[in-house]
Amino acid sequence: MTAPLSDAEQVMLRDAVRTYLAKDDAPRWFDFIDRLGIGRALLDAQQGAIIAEEIGRARVHLPLAEVATAAWLLDRCNAPVPPATAIATLAWAEPGLRYDFAGIETRARRNGDGWRLEGTKAVVDWATEADALLVAARTGGDGLSLFRIDSARTDGLRLSPYRTIDGHPAADLIFEDHALPDDALIGPECGALDLLEEARDRALALLAAEAVGLLDSLLEQTIAYTGQRRQFGQPIAGFQALQHRMVDMYLECELARSSAWLAVEALDERPAARARAVSSAMVNIARACRLVGQEAIQLHGGMGMTDELPIGHYVKRAMAIEVSWADSDWHLARIAGL
Amino acid sequence: MLKLTPEEVAFQEEVRAFFARDYPAHVIAKNKAGQRLTKQDHIDAQRALNARGWLGVGWPRDVGGTGWTPIERYIFDEELEFAHAAGIIPMAVIYIGPIIAAFGSEQQKTEWLPAILESRSFWAQGYSEPEAGSDLASLRFSAVRDGDDYILNGTKIWTSGAHWADWIFCLARTSREERKQQGISLICAPLGLPGIRVHPIRLIDGSDELARIEFDNVRVPITNRIGDEGQAWHYANVLLKTERLSYAHIGSKKRDLAALLDQAAKLPARGSGTMDRDPAFRFAHARIEARLAAIEASILRALRGEISMATAAALKIACTECAQAITGLAIDLAGRSRLPMLDRSVADWADAAPAVAPFGPVALQSYLFERAQTIYGGSTEVQKNIIWRALAGMAR
Amino acid sequence: MTAPLSDAEQVMLRDAVRTYLAKDDAPRWFDFIDRLGIGRALLDAQQGAIIAEEIGRARVHLPLAEVATAAWLLDRCNAPVPPATAIATLAWAEPGLRYDFAGIETRARRNGDGWRLEGTKAVVDWATEADALLVAARTGGDGLSLFRIDSARTDGLRLSPYRTIDGHPAADLIFEDHALPDDALIGPECGALDLLEEARDRALALLAAEAVGLLDSLLEQTIAYTGQRRQFGQPIAGFQALQHRMVDMYLECELARSSAWLAVEALDERPAARARAVSSAMVNIARACRLVGQEAIQLHGGMGMTDELPIGHYVKRAMAIEVSWADSDWHLARIAGL
Amino acid sequence: MLKLTPEEVAFQEEVRAFFARDYPAHVIAKNKAGQRLTKQDHIDAQRALNARGWLGVGWPRDVGGTGWTPIERYIFDEELEFAHAAGIIPMAVIYIGPIIAAFGSEQQKTEWLPAILESRSFWAQGYSEPEAGSDLASLRFSAVRDGDDYILNGTKIWTSGAHWADWIFCLARTSREERKQQGISLICAPLGLPGIRVHPIRLIDGSDELARIEFDNVRVPITNRIGDEGQAWHYANVLLKTERLSYAHIGSKKRDLAALLDQAAKLPARGSGTMDRDPAFRFAHARIEARLAAIEASILRALRGEISMATAAALKIACTECAQAITGLAIDLAGRSRLPMLDRSVADWADAAPAVAPFGPVALQSYLFERAQTIYGGSTEVQKNIIWRALAGMAR
């Protein structure tokens, strides 16, 4: 872990990322990390959050949460961490579970010197672009373990690529007797559950920060649009009913911002406090994504429905974040201890 | 008052039997599978309806319409939607047909109406303009007389179905002298004319069935005008009056809500069960069911009585927000399976994401598409202004 | 059952009740029923709903739902029905249950020729004014039975009177070895559950109709108040943000009206359809009561907080109706079959 | 940034210990039992705080104040609320005390401030008027110079605690020449003066602690004016700046939310369990908890930085709506036990309804009383206008 950034350093980091993304609206991950020299920032949640917020504000396709989460897992497992410029992503979701890792059915069986992997992973973000996949699977004692798969290993892996609603590359993965070497296992055998839980919370903190950037931009775009769009002889931002609704959007944006801070600062707490803070944050983030997204489209009128304006793309990325690791009801249940 | 009479129940059974026996099964199958319909599918569907005399749902009997009471019409719509049949594309049949029947010339009635019923011509609607969304009075699209012709200039937007349409009916300004709402005429043009360019608009749900249409000195004979010059505002309001509940779609809402329970029974929940036993989902579902029951009762009340502008506006808001709420619940239910954005124009579309419940991508695209419901046809904000004027008027 | 009223007869009944209540804002039940001659209307839900709506609109204290429900129960049990001018009320709720009759713990034991009643009933509306009480109690085979108690029988009954939030008289009742004659049992022994369920739905339909009157009046009062209250140099009804909120109130009022119809028309359906319709209605009614009540107070500003204006009294009656027999969550669970 | 420093944690423990050991137990007991406090209770509470030097929470040290940082003040408020201690009646201590300290004459500081700290005088606030609610600029209450006196005329309304107060501070118009906000002065009067009549206002929750106060030619010396003539608007804004987060009450919100879970464990649910396992209740509870966590983080962010008008307005809306949501959840939880309307001024108040959980009537009255939160101190609507102006300004 690095020392926390000073206020001035935070501003510098933010400005550097913002400037970079203002110049390149379709950045490649390698260039983004390499040219900004922010590889080390990925393991620091506070710095990651600053970068994530700018990624959200610019709504560019970059696998920040995926790579940072994978890097954190590898680091925690004392496994070799690939360079930050490489893309790694975690495959955990499956058709047979909603959000709980406990429902994972993909299975790894010892086979001679190695492992055989069998199972299906659903909507794995950036899988098609990844240099390395981390796969959560059930092993011998019915516990969960983590495996690392290099992208070169394609035998026994059926990969169905598509784009998700936010335009990110993703894939469903079907492992059919997929062979892995012995050292593909990273971290403790059957001991991955707590690691996965913590990884999820860290990923969520980054996604919360990204959502803050998205939501701020949605509000700004809406204020700007309603200020120039004229109907009934005046800019529609002149209508008080619309003004108050944009204020409601602002209120959600502000609480979303506080929520992201809450999540980031709670990552070093004990698991129960961390879970509570992150889930509280995500309940607010999800609500903000829904409300701000819906209002942004509505207040843009027909133009909000088109793919031409950025607005819809921001909304769809926000919709993906809402449900990326769990939904609001899952977080509420976690807060309530149900 | 909310219950059907014995005659209406008999009619309901007749309609139900029709969709079960005499309606193209492939259309229903595609709809159930979430596959987008082709133009030919719609033609097949319309021809089946027309063969039974049930296509001209809002038309008078003497031009081949059904002549149904509002409740019969409602029953028909509901059964059509329950059956997963294709929604009747409204532009020709629902919107312009009744206006042609009421205000068109004999020639227009003889040429255009049969072509619609026989699916020989599809129509598009040219109402909105880039600078005139909910504020239709500020239309700029112009029609200038030149001998026996009009010269049309301007841009229409949000035109749905233009890629299938042969004709378009346009609100066009024929005079700038009068009050803003006056001086607007209803003029029709074949879409193949020189000077017309159709630009598809891609929407956030991935569809491109809407278009922006540019008219550059397009010449049409004045006999393409429906009714009198400058009276389009009046005709549009007549249409509004007869068709103001055609967006209700109570049947499809009930069908979609019921389908969510079926889907829920297949989706894993927390722990070991399925989502149909998940309390948060079931409470949210029941809340919308309760709302829909009240909306349905409101529609039936309205159909059996006179409908004021305020009531129509209130029902538009209630129906469209309820439809949006259902799609919101659907994406909530879908969870992560709503993430893939898939092209649903082919039969095996769902194979592209084999680990995902196909329900998810359909729900997602519906959610996005339905955001338009509260925007078009008079946005919710405009409806609220209409209602407020009525409330303030009553208080005085 | 009487034949349904024609449209004209409905209007006549409504006008008669409205005119009566316009002249007397603190009517006595006896006079109300007697002078209007509407005793027979109590057994007809459609007529009852018309009367209830006017009671709501005028917000007067009259035990319509209580008396009509008791009369219906007595009629169904082939027990002598007291004159409609008498007040009768059903005691069902208890501290140990939320809303389900299945939780009733009050017990009636056979004792010689009669019965002994033991248990506690909570917040029994109009108990202090009642000529007769109906009490739901558990009997021998652990089923529920209904008992009728004349108000003269006070031995072994501790009655704690108070007013409820809507200003109605009510009481908690504690039965301690309370003796009842043999014929106090009405209806089938151990067979009262279905009767109670149906009675509840009938009472709810009347309360839904009363709520419609209350809500309509709240909206009217709010429109009138905002039309005359000036702030920032104009009537506050001139502010579009407030206009749209009053429109939202109107939307709830309209759905509440449809909901009341739905409930009334469903009373003769089979139990499952009846329950579904009535619970759907009450979910909407409860939501409308909450939203319209809150907005009415908010839009009245400080004046909405005072006991001087009618507004608060309307809101409190609406709040009582919201929870009188069950709350929104109970109805949702009933709709969902959970 | 959201976390307390070690010094702040030590202070927190000190405050917590104080309320546990050195604070009047009967006040805490009454609050826990839902009994209304008397004036003497408040005096006992204030004296305990003052004995510790902790009453002048927003005052500078040189006039007997605590001199706390905003975070220390926040910690103190939170612990006070966690302990179920009496809220400090804000009129004297929070509202006028800091203004006297900053802008008052030496005589005012010497006479009025110690009397407040020693609980010898209670104050009331005379800001609102019947025709000037959220629109303070349109005040009519007048102060006319007459030699060395002012003659006060007009009506103040929504004055809380007037039945206990010895003094009132009033916004009074001393000039009609200038812009509406100008020409307003801050003038104090003993409530016992001839010409002052206090009319209690009964509220919907059954309380009568607010009043309407009429001034009919009330004469006070000009030395009762705080600061300069015509500058009250400025002083009020200074106050607003320092006190704009004093309504946050995060501690009481957390306490009340936690208490709901305790209550839920005692209340029967559907079937056989208790309400603390009821999913609908728990989800609603968790939703508010999540919201409150974000609001708390927002407050801490604000306390550690500069607070803009828009932020203050946003936090006022968030805090008050959250407080209302908690009371809304409380009455939902209470179910039918919220129905009795009981007088809570006596110790055995709950015996009046022996079959009812006492929690219910308290929840109901809180729900009703808290409706005022979004009305006073600048209604939510006015706050939204303030925020909009800031947003539109940033966009320009």
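In order of appearance the chains are A, B, C and D, and numbering begins at 1 in each one.
The rule is short, and it goes like this: contacts are C-beta pairs under 8 Å (C-beta built on N, C-alpha and C of every residue); 3 or more make two chains touch, one makes a residue touch a chain.
Computed from a prediction, not measured in an experiment: that's the story for all the values here.
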{"item": "Furthest chain, CA centroid comparison against chain D", "value": "B"}
{"item": "Pair sharing more residue contacts (C-beta pairs) when B-C is set against C-D", "value": "C-D"}
{"item": "Intercentroid distance (Cα basis), chain D paired with chain A, Å", "value": "42"}
{"item": "Between chain D and chain B, distance of the C-alpha-averaged centres to the nearest whole Å", "value": "53"}
{"item": "Interchain centroid distance [CA atoms averaged], chain C/chain D, Å", "value": "37"}
{"item": "Interface hub residues of chain B, defined as touching at least two other chains", "value": "279-280, 283, 381, 384"}
{"item": "Residues within chain A bordering two or more other chains", "value": "239-241, 243-244, 329, 332-333"}
{"item": "Residues of chain D that touch chain A when the two form their complex", "value": "1-3, 277, 279, 282-283, 285-287, 289-291, 293-295, 297-298, 301, 310-311, 314, 317-318, 381, 384-385, 387-388, 391-392, 395"}
{"item": "Touching residues (chain side chain A, partner chain B) in the complex", "value": "93-100, 103, 120-123, 160, 162-165, 167, 170, 172-174, 230-232, 239, 241-242, 290, 294, 297-298, 301-302, 304-308, 312-313, 315-316, 319-320, 323-324, 327, 329-330, 332-333"}
{"item": "Chain B contact footprint on chain C (complex, rising order)", "value": "219-220, 223-224, 227, 237, 240, 243-244, 246-247, 250-251, 254-259, 261-262, 265, 276-277, 279-281, 283-284, 329, 331-333, 335-336, 338"}
{"item": "Partner chain C, residues of chain D touching it in the complex", "value": "128, 131-135, 138, 157-158, 201-204, 267-271, 275, 278, 280-281, 328, 331-332, 335-342, 351-357, 364, 368, 371-372, 374-376, 379-381, 384"}
{"item": "Of all residues in chain D, those that touch chain B in their complex", "value": "279-280, 283"}
